[in-house]
Amino acid sequence: MTADTTILSVDGLCVSYHGVPALQDVSLGIERGAITTIVGSNGAGKTTLMKAIAGLLVPDRGSVHLFGQDVGGRTPAEMVQAGVTLVPEGRRLFGQMSVRDNLMTGAYSRTDRSAIAADLETVLGHFPALRDRLSAPASALSGGQQQMLAVGRALMASPRLVLLDEPTIGLAPAVVDTICDIIETISHNGVEVLLVEQNAHIALELASQAYVMENGRIVLSGSGKELMHNDQVREAYLGL
Amino acid sequence: MHMANWTRPLGAAAVMLLFAQAGAAQETLKLGISAPFSGAGATWGLGMEWAAEQAAERVNEEGGVTANGKTYMFDIVSYDNKYSATEGARSAQTMLNRDGIDFIVGTVGTAPLRAMQALTERKGVIVFNVAWGKSVKGPEFPYTFTQMNTPFEILVPFYTFIKEQHPDLETAVLISPNDATGQELEPMAIETWKNLGVEMLASDWYERGTTEFQPIATKIASLDPDLVDFSAAPPTDVGSILKELDVLGWEGVKVISAGSSVEALMAVAGEAAEGAYLGASADFSGESATEVQKELNAGAREALGEPLNGLTISPYDAIMALRAAIEEADSVDPTKVKDVLPSVRFESSYGPSGFGGEATYDYPQQMLLPVIVTRVENGETVELTRSNPAELEALIND
Amino acid sequence: MWNRLPGVWICVAFAIASVLFALLATNAYYTSLVVWVLTNAVLASALRFVLQIGELNIATAAFFGIGAYTTAITAVLLGWPFWLTLLLAPLVAGALSALFGWVTLRTKGPYFLLVSFAVTEVVRLVYTQTNAIGGNSGLVGMFPPMAIEAYYPALAVALLAATLFALYGVERSDLGRLFKAIENNDAIPRSVGLNVVFLKVLCVVIAGSAVGLAGGLHAYANNVIAPSDFTFFVAILALAYVKIGGEGHALGPVLGAALLTLVGQWVAGISAWENIFYGAVIVVTLLVFPGGLVGLAARARGLVTRSAR
Amino acid sequence: MELFVQLLANTLQIGAVYVLFALGLTLIFGVMKIVNFAHGGFFTAAALIVTSVVPFATVELGAPLWAGYLLAAIVAIVVVLCLGALVYGIGFQHVLKDLNGSFILSIGLLLILNGAYLAIYGGAPRTVPQVLPGTVSIFGAALTAQRLALVIVAAVVTGGLYLLIERTRLGLALRAVAMDQEAAMLQGMPFKRVALYGFLIGAALAACAGVLMAPINAVTPVSGDEFLIKAFIIIIIGGLGSVPGAIIGGLFIALIESVGGYFFDPSTATLATFILVIAFLLVRPQGILGNVE
């Protein structure tokens, strides 16, 4: 694990809720230029891991390094400053705010007005559907548009690493394809992606590196292709 | 004013220390005050306590009170009744059962007094009070004595005097605070005005603690009565309404039956209070005030930052009555003292006085005091008339 | 945190001692003090009882007043027998809490808190505007019958203590566990087919009846009641008792009520300082000892057992 | 017609202070999810400070009345901001989003503040001379110049707050935190600092209301408490945490008091507002403009 290609490394992370362990000794790494995914069933601890990386949860033990620097104990605001943004499960948009304001919340930690304006153009370039609805409240958007807005909001922070928690849940198949395209575009633009998915098909297809979580532990890891052909994975997560 | 608050506990401690040392020499008779010491009525409590302390000091300096061969010094103990029934009952329980007090020389509020009477009348403890309700008096309350004029003494001469000054008064509006005193006063006020040929256009209530008075002022102004009677409303509330009425251009006769503190009224209403008649106020520094009243008033101004009024001066008169009664009965047993109180003669701050009111209450338990009508003129209280009720006149000429 | 059996027995012993004290003590001040302490303890315990379902019920003050007014009206205005007037207090308060709960418990959290606050003020304003029940002056002259009068403080203490045990009993029962389950998550009891609204109303009714009885007893103990005795501030003081005593155990509100009532007697009459004192106790307890007295005791006990090992 | 205008003028006069007071309360609830009973304490502090600074400035320093009042206003707002920062630092930041805990804490603080005011100032009502004497007549409705100024200043402050919330970065953060605290944190918003700013803005609004009210009504150590109860009714009706709701609610309650007080009497109007609020909570618990949670 060399510092120059590893963006983020998680070592021996343990997190518990009210004394009940949710993550046990989790270690993983995110390499430059890769889309990394974590698959696992409901309650396996994927969301907990994402929240711990984003600084929302304080781990009991273990460390998180970003670009070789220990970022344990940082607040979510500090993690955003450091370049890590989480798109939470269920999108968590500010429903009564306009689409524009939602996007601007993503840029909260930045002050360079011209760069923000440029990024806004870039994001609207990715998601042309949002451009027409800039002053509509976020709650008035369709499910797919809301997911686009959630990803767009995260991109407004100009992140180095985006954590995507279940971005395709509840979306129509056509919209899922759009989201997948976006994830690939983001990755091509030099932003690292850590993707958590219940839909293992999509996740493993997209991912260059994949991990399987069960009961708060990482039980398998490998490239997306390797895992797609792993019997265990095929049976448990791909339904084959 | 605010210094007094800080030093009160300290002062009480110092007094206690003093009496602890002096205790061996002569007996101490504790006199209780149960009045509001917090919230909006705090100034009443502080004023009453101060007047009571002055009276006690005077009695003690004159050698205390002698009964049954013993000499007693008076000591004032105060309790906060928060102007509520529960706290009134609690202060009574504490006074009677914990501190062994047999004489209460001042309590304010009809509701707290009724609460206290449940205990004091049963246990035989004398309560001097300034409660206005008729329901707290009568033969079934022989231990209760009122030390200040109430509407039953004031309203008829007060309203009659005003009607004489303004013979063409025809219509009136009555504004009452929605509390025990306001509720007891309202029917009496309406009745008295009616007898004088004044028609009541409206009688409205407001909650204590109301901060905005424009709606009621707008209503009064549109009814345009010749007179507005503010009944038992406290001076700051009256001040606010008068100010709004002034803005709306209403001009008429302003009557404040319970008007006591002109300072508070003036502070809020300013020129709008000009000409208001007050039924329970007195100018204790004016010409017709007695020497005692002038001295007390000056002292209160210095110590509390406020002059005394009819309510706050009253414990002084109660203590003077009590001294006379204890000496007359030659006993500090409240049962014996209460028996002589109705017939005792004493020197109140207003001059010679005694108890009467049997015609109104079926029991002579109302201190006989002159009815003083004052009016705000150029921002000052001016006494217009001081009339002795017939009973008091008879007593003086006796 | 307490070993259950000895703890209960200690409480029973205390209750019996209180009753005996109220029966035998000759100084009426001290006996009435015991009645006040237990009245406040019931108020605080009832407030905590509804906190079990996660709601802060300011209307506890209103039902205390309703109990007191029920007793006073039936005793003074209607002249009904003593025991009946006392029995009616919890029944009427309980019935009205059922109505209140049924109507208001569809709201929760800050909304329930504020609606219960508004209800308390409305009930108080209704008393002040009803001349038949004395308006602002309230009602006076509730005395226990002569034969009972000497024993009344002991009777009140016994009934109040019994109420406290009853509340504790319900808390320890299966029903109590269901209430707690509601607080943690509405969805779980609902998912196993329980009528959550019914359970919540039941909880409010139990607490409302308890304070209703306390109100009836208060009417006879105080002999006088007036609307100003039943402002929302009654519930706020009860909340202070709960916080100082500690929410973690049924004994908390009782300890808090005892401590603050007794110390309150000591500071009574120092006007402004009384407020500052109560305020400071609440703030310091909340910030420094969030578990209150029972939390402190539990921590001390934890330290002792740990060092003993 | 004249009566109608007068009642409307009354509504605006009464409503102006209600709106300012309720805005602070609703903002604090929205951002921190606490029901702050100590809010009235800020109002009272500012009003009491004005009653002591104005005489000091005009008598001791010989300043003209308007300058004395302006100085008093600045001192009052600064002191209240310090007081706000103090109670936030010592207390509220430890009980954020804890409804019961923060409620009790705010009550403890209110008791301490009220006691302190009583100890320092005594219970007697205090007044400030009118800064703008005289009466204005608008379409037949009479109101004092002082009250007219109050209405204008309140409108300006309310407008300023609206711009702050809708147009600035801090406003964006306040709105975001109020809607979804965790999501706001994930956008890099420091929750505790945003909460502090929200709390201080709320306190400053209460101080503004106190400063404006001081020359109009007598000030006592419990002045703020009366407004507090009204303000709770207002924010329930408007929707907890809703800024436009507080404005609408404030004017609505003022309308009821103005019209109800005229056609019935103030006691009845008071009772009516409470019954209305219960009805509101039952039919539409989220208020006129509140969010559905």
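A, B, C and D label the chains in the order they appear, each numbered from 1.
Note that a contact is a pair of C-beta atoms (placed from the backbone, for glycine too) under 8 Å apart; a residue touches a chain by one contact, two chains touch by 3 or more.
Predicted model, so just to flag it, every value in this text is computed and none were measured.
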Middle chain, criterion being Cα centroid separation: D
Most remote chain, CA-based centroid, reference being subunit C: A
Whole-Å gap between the CA centroids of subunit A and subunit C: 51
Centre-of-Cα separation between subunit C and subunit B, whole angstrom: 37
Centre distance in Å when subunit C and subunit D are each reduced to the mean of their C-alpha atoms: 33
Intercentroid distance (Cα basis), subunit B paired with subunit A, Å: 76
Touching two or more other chains - residue numbers and ranges from subunit D: 118-119, 267, 270
Subunit A residues counted as touching two or more neighbouring chains: none
For subunit C, residues that touch 2 or more chains besides their own: 125, 129, 271-275
Touching pairs among all chains present in the structure: A-D, B-C, B-D, C-D
Of subunit D, residues touching subunit B in the complex: 3, 6-7, 10, 13-14, 118-127, 130, 135, 142-144, 217-218, 220, 222-223, 225-227, 257-262, 265-270
Contact footprint of subunit D on subunit C as seen in their complex: 51, 56, 103-104, 106-107, 109-111, 113-115, 117-119, 121-122, 125-126, 129, 236, 239-240, 243, 271-283, 286-287, 290
Interface residues, subunit D side, partner subunit A - complex: 169, 172-173, 175-176, 179-180, 182-190, 291
Residues of subunit D defined as touching subunit C within the complex: 29, 33, 35, 90-91, 94-95, 99-101, 103-105, 107-116, 118-119, 229, 232-233, 236, 240, 267, 270-271, 274-275, 277-278, 281-282, 285
Contact footprint of subunit D on subunit A as seen in their complex: 54, 56, 75-77, 80-81, 85-86, 88, 92-97, 101, 104-106, 108-109, 153, 157
